[in-house]
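Next come two complexes, and both contain chain A; in the first it sits with chain B, in the second with chain C.
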Partner chain A sequence: MSTPVPPDQPRLPPVRYRCRHITRYSYTVQVVSSQLIAHLGPRELPGQRARVLAVTVEPPPAVVAERLDWLGNPTSYVAIDTPHLDLSMTVELDVTLTPRPAPDLAATPAWEEIAAQAPRHLAVAEFIEASPRLPQPSPALAAFAAGSFPPGGPSAPAPAT
Partner chain B sequence: MAEPVPQLPPEQPSLFSDAGDLGYGTGPIFDEMVTGTGHLRPHWQQFFAAHGPFTPEQMAAKWAAARQRLFLNGVTFNSYRDPQGTERPWPLDPVPLLLSAPEWRAIGAGLVQRATLIEKVLEDFYGPQTLLADGTIPPGLLYADPGYLRACQGLKVPGGRRLVLFAADLVRDGDGQWRVLTCRTEAPTGVGYALENRAVLSQTLADPFRACNVERLSPFFEALRAAVARAAPQCSGVDGHPRAVLLTPGPFNEAYFEHAYLARHLRMTLAEGADMVVRDQAVYLKTLAGLERVDVILHRVDDAFCDPLELRVDSALGVPGLLQAVRAGSVAVVNALGSGMAESMALLAHMPALSRRLLGEELLLADVPTFWGGDEGQRAALLAQLDRMVMRPAFSSLPGHVANGPDLGEDAREALAARIRARPQDWAGQLPVAPSTAPLWRDGRVEPRPLVVRAFLCASGDGGWTVMPGGLVRISADARHAAVSLQEGAGSKDLWVVGAEPLGTVRRLISAPPDGAREPSPVPGNLPSRAADHLFWVGRYAERAASAVRLLRGATLRLSDDSRPAAREELSPLLRLMGRATLIPQEIAQLPDSDAARGMRQALEIAVDPANPGSLVATTGRLRRAMGSVRDRLPLDSRQVLGRLDVLGASLAKADRAALAVLLGDFSQVLAAQTGLELDSMPRGAGWRFLVLGRRLERAIDAVERLQASGIAHERPDAATQEVLLELAEAGPAYRERFPVGVQREAALSLLLTDPEHPHSLLFQLETIRRQVSRLPSLPAFGAAGGADPLVRLGDLVAQASYRVQDLALTRDMGLLSATLFQLGWALPDVSNLLSQAYFSHVHARAA
Partner chain C sequence: MTTPVLEALALKRGVCQDFAHVMIGALRALGLPARYVSGYLRTLPPPGQPRLQGADASHAWVQVWCGPDAGWVDMDPTNDTLIDRNHITLAYGRDYDDVCPLRGVILGGDTHALYVSVDVEEVEEDPPAVRQAQIQDGQGQSQSQTL
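Right, the complex of A and B next:
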């Protein structure tokens, strides 16, 4: 599925962000040991480059193991064996966003066409299924969304103004 | 060896094998024993030659023998539907199912192909997913399945085998063709029950078993043990073997009997999730001696419940961090986590296509025709034949029940169709198969009943599979359906593969015998803390029950035997002691002497009333639960004790007074048997020490309380009180040997308190406790949190108690006795608490 792009859009320069994100926990009783899974950085996408500069955990952890999860998100497994009342995680990020040309929304294919293709399209097939441990899709939300998709309308309708 | 038996041609009616002679109905459905014209099938003839006809008397005797053996072996399964949550006896039919060796080999080849295929499918799903990319499988089949665990994507599979144990349910259709009903890939249940069924039937039907040359099951279990061991990424045992653990959800799981049985048989440590901990990305078992590395885990907890950190957060059954340990390659979990998704009906509907794609072969063993709603073409077929289909959830981890199309009314069918259209991917349907039947012994005759065979395979060393020459046959109570489960209360049968060539010339599918270095081993000598805790309480409850039985026997004897001297007078002290033991309420325990007989009659009812939490019946229930939780660590014959206790507890609750006296005698014998088993059959390891500590501590606490309640320290006891005290401490004969007549407080007290040779004296208990405490494993890494070592405090407390009781003045100086009893009254329960804190609960806080 290629996205139609209107001609002569101005090219915008990339923007670079330095971020610091701090998470703190306080406990009323001493925690003797703990294991946690943290998602602290954005994933790589077209137009998004992300670099984790530093992850600092206090108290110092016994194990830190980094990996990408199934969806490509940076994931940290952390195990702490020191008794503690407070826990903090500080992550420093370097993120560069390269603006991509905005698609011509009105020119996207009819939404029915996309919906019919989705179950066989590997990149999206996973996301049209209900999440195993979330509530079933709500008919009320479906009805609300249906208002934005008139029959034969574009699959990326322009926001109402 | 079997005697040669003349083979009778199937057309010719034999002397005793005609279906009509057996009173066995035949119909249009395929029967395993007789042909459509009512003749015995050839491979059953040898069985009947050795067994003889199914006469009601003979069958009733066999049935009773089998039931008795199962009962004594404690074979049970828990029913989730039973509101009491009680264990039910395992239903085994006395007639085995016979299949000929050539037929079983053909089935086995189909199963091997099936297991190979499913392993390849899983390898692809949790790896490159080419089956999705090339369109063999619609993506929804994977992504809509809650059993597809994304956290397990790309997870290492140490040993290279995802499936170590594989099972399939098979039915035979009307044409005599075997078909696959479902596959079991997550944590297949039933191997243990199959083994136990075999153990029972090979004994109750010893003659036909020998005559039929039945293939043995034991090589399969050797192969399974080796397969589990091969999965281990390293061998951490001091003996050079991998440490293997069977992870069970615990005693309330429906198949806990099997978990305990299998763990013992495969020589693995039985453990619950809370018995293990992850440190440094490795799994450790918490034992009394500290943390012991685990190499391989055979899990009977469902995939999604195995790690609350990465899978279901609400699971209390798993080990937090287990997935990370698997990811780090430090432990193997078999079957590989996430394999449960291969049980899905949706996948079954795609098996022929998968076989062609991945193996380039047609399936050797057909499926029961299955349709998945998530596939457009199959959905149409499914909706069109809804009135014939058996509808099931498409994915094994979806909740929901089986809906049988033909049973539904018009409205119900419409409602189901609407539900299927709303979420078609959640539904699958199977065309009904009229399963073959086999004789079931019921109400004095044999009747044909539909059956399902669960067959088992384990991974072999050469990358292939070993097929169990046998299986678990389940019989449906309902003549129409093949859908049977343990939960639905169906019967089971042993499966005999008969007529193989004699052993030695048979070519077997079995891997080479496991080489010594890869035998799995339980964590050696080291007890999980939870098991130590249960053993301690087995000891305490067993002594508590024994003490209550002695009290109640004393009471029934005196109520029923008026000729006994002083029977009446001795009722009052007995009542007081029963009150102290919380068998009865205080208002009855304190009744005046004149009312003692009436009070005692009432007391005997209350003391066995299950509603009374202090009653003997309630204590028995606690003892049974504690024993059940560690049955894998008690002597084998304790299973029989457990079974007898079950019956005794139930009978006590409804016994009249005459019956009560008899039952109490039986009870006393059963408890004595357990004591004997412990002494004679248990190695003197940590587990035995905790059991003994429980027993001696309970007896010591009981003795102190009894002396306090008797008032012996305050006034010279009357003859009745002294007689009762001596009797309860089993000291009557020893006393009379020394003092034929009269009340001798000092002599009585020395027997009860300070005699080091009398096994019921207080000093005897304290000295045993002191000895056992000194031999307990030390507490490693203790002291990180500061404070005194609890083991030192424990030793001090026990030594002081023992020292006080050795004071000979105790039997003369009543002030000293009173003070000592008071001291011990709090010190002994404190010993119990300290033990529990040091070994059972605080273990969690210990650093690695």
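Right, the complex of A and C next:
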């Protein structure tokens, strides 16, 4: 198994990557039409410059539409109307990552304060609620969280490492 | 792929998507905004072995909102670290379902086999010229990697 690269030291130079993501489906019976939504990015972010070099779909699609979703993520809509037994999508990216100054986690407000003000901030309020895979309220998750959040602690306790 | 979040919590094990879901669910249970990040992680090959094409994995981690000043802070619960130059961000959402890499509706097909291959390669110089050459012979090469 590969292991994660250890965390960076500060002030290291940018790193440039070429990424290739291949997805391939092989069907046992012919598919006569296929409509896909891909979330294969990338986003532009502080510390991340990124662009799509190539998107290759086989068989060749009838329709390809690039859109941003409601959170600003790039998406590709692909429609194929050619009968096929195999479908592949390959996305190649050019990404440059520049180290950012680490946030001062100890200086973040107490977590109770964040929890109190979050519902008033429209851009973040939806990320407190339940979502398709994450039911809320959840006593089990609350109990698990409680051990890591003593009263008055910062909202972002530093990782143990 | 992913396990239901409460099952992953009870098992105390899972893949990166599970760690991310457990952490997000725990943060939200306290009222803290948290979102799911889909991306790639650069990995190192085992000592003494070359890096394999297609061996890098899709990765997932978490952003927690730490107030208007600090904003969203990225944390990788699988590796117990802040994100750094090894984390490439594709998309973020409420959980995996918002940013699933590829999903769709098909007519026909019956059962299927799925092959996924992710390759994250560090490049030294301006890559476009290099890239062209690799694309030419890249398709067959990559497909054989996934099998």
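Simple rule for what comes next: the second predicted complex is superposed on the first by the 143 of 161 C-alpha atoms of A that agree within 3 Å, B and C clash if a C-alpha of one lies under 4 Å from a C-alpha of the other, contacts with A are read in each partner's own complex, and residues count from 1 in each chain.
In this text, a contact is a pair of C-beta atoms (placed from the backbone, for glycine too) under 8 Å apart; a residue touches a chain by one contact, two chains touch by 3 or more.
Treat the numbers as computed from the prediction; the structure is a model and nothing was measured.
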> Of the partners chain B and chain C, which touch A:Q35 in the superposed model: first, second, both, neither?
Replying inline: both
>> If we overlay the two complexes on their shared chain A, which of chain B and chain C does A:L122 touch? Say first, second, both or neither.
In response: first
>> If we overlay the two complexes on their shared chain A, which of chain B and chain C does A:P132 touch? Say first, second, both or neither.
In response: both
>> Under the stated touch criterion, which partner chain does A:V15 make contact with: chain B (first), chain C (second), both, or neither?
In response: second
>> Let me test your reading of the model: by the given contact rule, A:V63 touches which partner, first (chain B), second (chain C), both or neither?
In response: first
>> Of the two partners chain B and chain C, which one touches more residues belonging to chain A?
In response: C
> Where on chain A do the contacts with chain B and the contacts with chain C coincide?
Replying inline: 32-33, 35-37, 69, 71, 119, 125-126, 129-130, 132-133
> What part of chain A is in contact with chain B in the complex they form?
Replying inline: 32-33, 35-37, 62-63, 65, 67, 69-71, 77, 79, 81, 119-120, 122, 125-126, 129-130, 132-133
> Can you list the chain C residues touching chain A in their complex?
Replying inline: 2, 4-6, 9-10, 21-22, 24-35, 38-46, 51-52, 54-58, 64-70, 73, 75, 78-82, 84-124, 127-128, 130-131, 134-135, 138-139, 142-143, 146
>> Using the touch definition from the top, list the residues of chain A that touch chain C in their complex.
In response: 1-5, 7-8, 12, 14-43, 45, 48, 50, 53-54, 56, 69, 71, 73-74, 78, 83, 88-90, 92-95, 97-99, 102-105, 107-109, 111, 113-119, 121, 124-138, 140-142, 144-146, 148-149, 154-156, 159-161
> Along chain B, where are the residues that touch chain A in the complex?
Replying inline: 132-133, 135, 138-140, 143-144, 146, 150-151, 153, 278-281, 309-310, 312, 320-321, 324, 327-328, 425, 844-845, 847-848
